[in-house]
Amino acid sequence: MDKASYIIGRLLQMIPTVFAITVLVFLMVHLIPGDPATIMLGLKATPEKIEMLTQHLGLDKPLVVQFGIFLRNLARGDMGDSLVSRMPVFELLKRRLPLTLFLAGYAATLAILMAVPLALISALKRDSLIDQTIRAITVAFLSTPSFWVGILLLIVLGVKIPLFPVGGIGENFSQRLYYLFLPALTMALHLASILTRNLRDGIIATLASEHVVFARTKGLNERLVLLKHVIRNAIVSTLTLLGVYMSWLVGGSVIIETVFALPGVGWTMVQAITGRDYPVVQALTLTFGILVSVVYLLTDIVYSFLDPRVTL
Amino acid sequence: MDEVLRVENLKTYFTAHDGVVKAVDDVSFSVHPGEVLGLVGESGSGKSMTCRSIMRVVPPAGRIVGGHIYYGGEDILTWPDSRLKAFRGSEVSMILQEPMTALNPVLSVGEQIVETIVEHESIARTDALERAIELLRLVGIPGPERRVKEYPHEFSGGMRQRAMIAIALACRPQILLADEPTTALDVTIQDQIIRLVQSLQAELGMGVVWVTHDLGVVAQICDRVAVMYAGQIMESADVIELFENSRHPYTHGLMESIPRTGSRQGQLIPIPGQPPNLLNLPPGCPFAPRCRYATEECQAQRVSLREVSPGHLSACIRFEEIWD
Amino acid sequence: MATITQTQKRVGIARPDLQGLVRLSRRNPALIIGIVMVTLIFLLAIFGPALAPYDPIETNYSAALQPPNADHWLGTDKFGRDIFSRILYATRVNLKIGVICVTFPFMFGVIAGCISGYYGGLVDTLLMRLVDISVAFPFYVLVISILAILGPGVRNMYIALSIVGWIAYAKLVRGEVLIAKNLEYVLAAKALGYSDLRIMASHLLPNIINSAIVFAMSDVVLCILAGSSLGFLGLGVQAPTPEWGVMIADGREYITSAPWLSFFPGLAIAIVGVSFSLLGDGLSSFLRPTDR
């Protein structure tokens, strides 16, 4: 089964899930107890306004027809308008999504840069003081709320020792790296903790495996053995979980963006919920769902390139 | 005749939570070129660990605490890591029991052969690849040009074992340590692999240490045999001498528990008792708790090997009384 | 190397006496420390309010924004409320979240997973579809979407966390049941004519429950973190009820001038989180020694 067929196969597999997500998200608004238009208008509801909104959003038509309209609009890139700002949601997305993606990618990179060497040291010097320290630190970060860590970082590195800016996102790429360092670091610390634990277990398991013993009996250089036989195999096994971690990163944006007041989709979603801006909530939920599915797909594809045992 | 490997009083101990496990306890034997020495015993007898000690790839929890291993006139236990690396894979090679776990699943078979060659000889990768293909042909894998690029999971069990043999022989070693290479295989494949090793040995003149728990395999391939129990050698002799004139209760026990067909059918007599707990070995002969001939002296006195006849040693202190 | 690995994997089962306890604590310190700390936390949750020197909700503007001092050990917030007292009261609130949001999903999820794995068929397919969907969304996105529908508040938060939470247990148990149901002791029970219910209850469940319990421990941490995160976002527990996440959010605007407002509640969460993590790790080593 060659790579192209595998990729196409996975894409096809994605379709039912994405469809189910779309249906669910569509139904979201209608699951709210009470009349949707009334709820959306909240305190400003008057019978005329309710009537107008219902007609405008097509809420009086049968569900199936509404769904059809929903899909048709989606295909055109029309996700409705924000009730609060009257702006097309799609525009909102276009402006805010890149920041969230940048943050996620930045955090992932930092996390990997931290996790790989730490896991390696931890595994090679198993049960030593340094290993136990690393494990203790990872447990600490995993049990601590990331938003608190973010605030602490803000206090220490943003205020007490003003190394990093407390707000803003920067104008260009390198400025972004500077301005977004603290939020990315916050997410990265948490992610690196899981990665380190996982990778460490993977490396330990691989080190004990028969094929490493065999590689040693061939008289191979120790560093070569490590790189080629140990790390690569251990990373391959951790990679399967990377998709889950990526989805966590995307979800974590909801909180971190609020802590650091960053205008990404996470922050937008929280605002939308407190502001009862349902079209935005709906559209963003759908976006997150599709985003995660795409991430899983990409991770699977990368994995299939690294592990030759994977076939369809 | 010159021996190519001589092991003297080898001791490999493991430290566990609550004591010391003497996996290899004062083991001595030698191997000559062109000869197959069998190491026989049950699981836990120390035969695998002996091989790993020779290769110096003992797991981290264990340490070689005593003895000598002589190769080319020198004691390899004194060698630094740098010298050991040149030694492993090119002078001495090892093949393991389960090729599916011994071969790295994410590297091609060819790559795993080539990396050995390239490590020990200054030779271009393309030439090494040519040699890899030839090696695969030598071990009887059809279509080696294609196979060399494939991955272990694409090979059948027997083929994988052949591939492992190809890797082990890539640098034409003087000694081959075979750690139960046929245990996981079907009987017919087992036979093929044994014949393959025999022919390769004849061609390369290697000394082979063949570890097994199967006396049938011993009869087929070994020239000399050492029987191990609880980390110690109980008896060693030429293979025919061992089968006809064994002088140790454990060896007898092993032979009596093999099912036979034909006229010599009778009751299967298993060896009574449990395999030894290596943490709490009794002071004397380790087999004494299960031996029908054991006396108090057996349990008290530490055994040593004594000559039964030239080339035939037994650790039983009572072998004269029991059999002559 | 059968005997060597056997001896290396020896398990010490705690005997109910001091010597056994000492041996256990040396071999498995996480378990002992975890148990001690979690017990302390539960005691604080129950008796905390009685120990608190001040009322957690009553305002006292004259004492606003004081740093830690002799009267107010951890300082006061912008309403003059004692932080220490609020943290003590919040222990009950946060712990309740952890307990409720794990107990119901645990029970429901384990049963659902058992049935799904054992019978297969339509029920199983349905469960797997649900798993696929829940996996397709990040945890927080799913939870706050549900809160978008139900509206913010404590009760709705319990519902949202439970709706999302049970699926993980079901998936875990289903996986183990799928493997276990083909093992010989189950086939033997079937051959003896035991009813399905009896097999599930007395043969499958006892062996599977260990993984579920270990998972539940890390789930408690997750739920407490989630509860405080939602409180922080304003979607969970609502002010003026003392809750650690809410307190951290309150303190955010005073980061530069009064950092203790956000620091101490977060420290409380961290301590509770680490305690349950230790307990989980310790239990994991204790219940499944061969996995370490």
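Should a chain be cited, it is by its letter among A, B and C, assigned in written order, with residues numbered from 1 in that chain.
The definition used in the following text is that contacts are C-beta pairs under 8 Å (C-beta built on N, C-alpha and C of every residue); 3 or more make two chains touch, one makes a residue touch a chain.
Note that this is a predicted model, so its numbers are computed, not measured.
Visitor: Return the chain whose centre of C-alpha atoms lies at maximal distance from the corresponding centre of chain A.
Guide: B
Visitor: Tell me the chain pair with the top count of C-beta pairs in contact.
Guide: A-C
Visitor: Where the CA atoms of chain B average out and where those of chain C average out, how many Å apart are those spots?
Guide: Chain B and chain C have C-alpha centres separated by 52 Å.
Visitor: Can you check how far apart chain A and chain C are, centre to centre, with Cα atoms defining each centre and the answer in Å?
Guide: Their C-alpha centroids are separated by 22 Å.
Visitor: Okay, in this complex, where on chain C does chain A touch?
Guide: 129, 132-133, 135-141, 144-145, 147-150, 152, 221, 225, 228-229, 232-235, 245, 248, 251-252, 255-256, 259, 262-263, 265-266, 269-270, 272-274, 276-278, 281
Visitor: Using the touch definition up top, name the residues of chain A that touch chain B in the complex.
Guide: 208-211, 213-222, 224, 228-229, 232-233, 236, 306-309
Visitor: Where on chain B does chain A make contact in their complex?
Guide: Counting only chain B, the residues touching chain A are 52, 55, 57, 59, 81, 84-90, 93-94, 96, 98, 101-108, 115-116, 119-120, 151, 153, 164, 167.
Visitor: Contact residues on chain A for chain C in the complex?
Guide: Against chain C, the touching part of chain A is residues 17, 20-21, 24, 28, 31-32, 139-140, 142-148, 151-152, 154-155, 159, 244, 247-248, 250-252, 254-255, 258-259, 269-270, 272-274, 278, 281, 285, 288-289, 292-293, 296.
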